[in-house]
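Per-chain numbering from 1; labels A, B, C and D assigned in written order.
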Amino acid sequence: MLESLKHQVYKASLRLVEQGLVIFTWGNVSAIDRESGLVVIKPSGISYDEMIPADMVVVDIDGKVIEGELKPSSDTETHLILYRSFPEIGAIVHSHSEYATAWAQAGLGIPPLGITHANYFNGEIPCTPPVEQKPEDANPELATGSVIVETFNKMNLDPLRIPGVLVYGHGPFCWGEDVIRAFDHTVVLETVARMAHHTLALKNVSPVEKQFLDRHFFD
Amino acid sequence: MLESLKHQVYKASLRLVEQGLVIFTWGNVSAIDRESGLVVIKPSGISYDEMIPADMVVVDIDGKVIEGELKPSSDTETHLILYRSFPEIGAIVHSHSEYATAWAQAGLGIPPLGITHANYFNGEIPCTPPVEQKPEDANPELATGSVIVETFNKMNLDPLRIPGVLVYGHGPFCWGEDVIRAFDHTVVLETVARMAHHTLALKNVSPVEKQFLDRHFFD
Amino acid sequence: MLESLKHQVYKASLRLVEQGLVIFTWGNVSAIDRESGLVVIKPSGISYDEMIPADMVVVDIDGKVIEGELKPSSDTETHLILYRSFPEIGAIVHSHSEYATAWAQAGLGIPPLGITHANYFNGEIPCTPPVEQKPEDANPELATGSVIVETFNKMNLDPLRIPGVLVYGHGPFCWGEDVIRAFDHTVVLETVARMAHHTLALKNVSPVEKQFLDRHFFD
Amino acid sequence: MLESLKHQVYKASLRLVEQGLVIFTWGNVSAIDRESGLVVIKPSGISYDEMIPADMVVVDIDGKVIEGELKPSSDTETHLILYRSFPEIGAIVHSHSEYATAWAQAGLGIPPLGITHANYFNGEIPCTPPVEQKPEDANPELATGSVIVETFNKMNLDPLRIPGVLVYGHGPFCWGEDVIRAFDHTVVLETVARMAHHTLALKNVSPVEKQFLDRHFFD
């Protein structure tokens, strides 16, 4: 069932560690088959050395496990809200990469400071407000997904033009039309997080203008 | 004698260098067998290329060598005080990792700024006050161990909730129920030290709240 | 046709990724055969895993494709303006390396702070003003090339003494008499960008003097 | 002639690149045979891929080439002054490592901020004043060596207690009783340069006290 998606999700999960975007089993990857509405997601808590493609878990859009022996990732609910709210996206990658997490911990969006950013993100990469959670919430991950969607709605952002977000005090979630693109956005987000950090250490700078952003994004 | 612990201590010592947490033969690892009260610890001053698991030294809880040709690590006394004072812990890892050491040299604890921290440390990772040493002290390592224990007592900290500390002007000591966990805490401490450093460079931030800490630690 | 240049351009393109100066297919390399006036340049949008030396594109000095199945790099026009304006140079390398890009995003030239810089660049590595682009411009890359040449003309700089530049909000372009030297200047520019960044974090410093620069450049 | 020293100097030269302390052929290594007064030094301008141990050049204490086809390193004169002035030292390593060079470019000595520093350097690692050079000086390297020796004399420093120095606007020279120790001091100097840089970014800190320094140096 969904063997190709399982393989892609599996490979991207390993690449998260190989490319230094997470350590241990932090982070997670999923992809959706829009025809059937089924989502393939990394299982929870299994070491990457032991994990095989067949361990990827299949859930339906409401989170019910359809196939798989292992528990789906603890961030599954966040992924599902994003798939329900952003119908254009086909895959999601969550990491704890070093500089992106620093921006998330500072509660600051990453301003667009140059072409590297503008080629992939058509404006600031926003940071959500703190995730508020009421003690009676059964599932804390609901709150994370909701705050992302609210942030995009309030700022009137197109998830394919701004294919990623920082969750306050947590780290980045990126997405795209497929796993390759969601993963690339994760790598670019960490890269521009580093570059913007180093830029601000040199000088107070202003973000580039809308015209510059559009020229390089739509190129 | 204690072959499995020796193997674990040996492997973790090599991993300290492989993962860039120390250079040369800096740092050390130990584990305790709580039944017999015996401690296995890395020997002192031997190059990691030549070291084999059988070189690990066995000492009793008072530091008397029970087995082993080589001298136990020069930090042995610090490890022993921690085992005597924190009966819940089973292993200790000491490193000189780059950013953790920078925080220790600044004399500052690492504030909890996000989930990465909160998943492993249920609050600030404290920094001890300077280690005071009287010229007549026979063993300077006694002072290091004592200042850690005093810090935890004064701040009323649970060593399993805050499984690590920064020793002022020195570097981090981490621990856990076993060698794997003590090592993981060492890796996480360096990771959050880097992230917190980059975060503070972006903005003056406030630590996250108790409720946030508890939610992610006990998850 | 121009097999040796193709091989050099191909190899330098791969080295950009291997040495961490770009990710994905960012960046590009070209070389000119001054006798025939033909330019060999990296093709656009092809993955480095699939690329072979024969994929390098040959264009004439006005950008007309002379040989090659693939589209030449999207930065081709920038390279051609530089070859037309700086007759002494034989090769160009464009990267998005991390610290050089940070300086470019800050809109600041890299001041000469020591021998490492002075051995390769006989003064500040300038940053261009923002690239102004009129909506009616058919080819945005023309503007990038022109702003580099104008910067060098206004500052009366010799392109062999200052073999590189930062394009505002974009990143570095370096050049040299041949591919090896253009590549070396790219590596050195990133190195001095890092060192100057760390230096400024320690102290407000003054650039070194003209005599110092000349002594080390002409050595 | 001096085959063992040649091998050691050769190996340490390669390790400079392998460990990221220099790029290209920057940096150099030498060792002295105190009995004969002969010095083995890396040749100048040869690529490390082609270099073999037999390429190491033997010079006498006044710089006359005794054996070797290639030109001795351009820093030879600096090495020789140090051997003449510091009779206790047996080897010298010069690098352009990133953070050490940043401190040298800032014109600042590296303050002793913790045990990592104190175990190897018994106080601040000094930075020389700018190297003044008169236009009529035949050999600019003379000036570099002299300014190091003057710095140590004026500050009344013991070269075995402070086995390294930063040359203003240039980078570090380290030494020791043999090649292994001179190389280790080079690695430690870069490590403490990084740690001290990160420490100062967190807080204005005071160097550790003399008693602390002595305790850890003489341990």
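The working rule: contacts are C-beta pairs under 8 Å (C-beta built on N, C-alpha and C of every residue); 3 or more make two chains touch, one makes a residue touch a chain.
Please read these numbers as outputs of a predicted model, since none were measured by experiment.
Student: Enumerate, in label order, the chains that touch chain C and chain D alike.
Tutor: Neighbours common to chain C and chain D are absent.
Student: Over half of interface residue numbers shared between chain A and chain C means same, under half means different, so which is it?
Tutor: different
Student: Work out the mean Cα position per chain and let me know which chain is farthest from chain D.
Tutor: The most distant chain relative to chain D turns out to be A.
Student: Measure off the straight-line distance from the CA centroid of chain A to the CA centroid of chain D, and report it in whole Å.
Tutor: Taking the average C-alpha coordinate of chain A and of chain D, the gap between them is 47 Å.
Student: Compute the distance, rounded to whole Å, between the mean C-alpha positions of chain B and chain D.
Tutor: Those two chain centres are 33 Å apart.
Student: Counting only residues that touch at least 2 other chains, which ones in chain D make the list?
Tutor: 201
Student: Report the topology of the inter-chain touch graph, choosing from line, ring, star, complete and other.
Tutor: If you draw each chain as a dot and join those that touch, you get a single closed ring.
Student: All pairs of touching chains?
Tutor: Chain-chain contacts present: A-B, A-C, B-D, C-D.
Student: Which part of chain C faces chain D closely enough to touch in the complex?
Tutor: 113-116, 184, 187-188, 191, 194-196, 198-199, 201-203, 205, 208, 211-212, 215, 219
Student: Enumerate the contact residues on chain A facing chain B in the complex.
Tutor: 23-24, 26, 74, 96, 98-99, 101-108, 133, 140, 169-171, 197, 200-201
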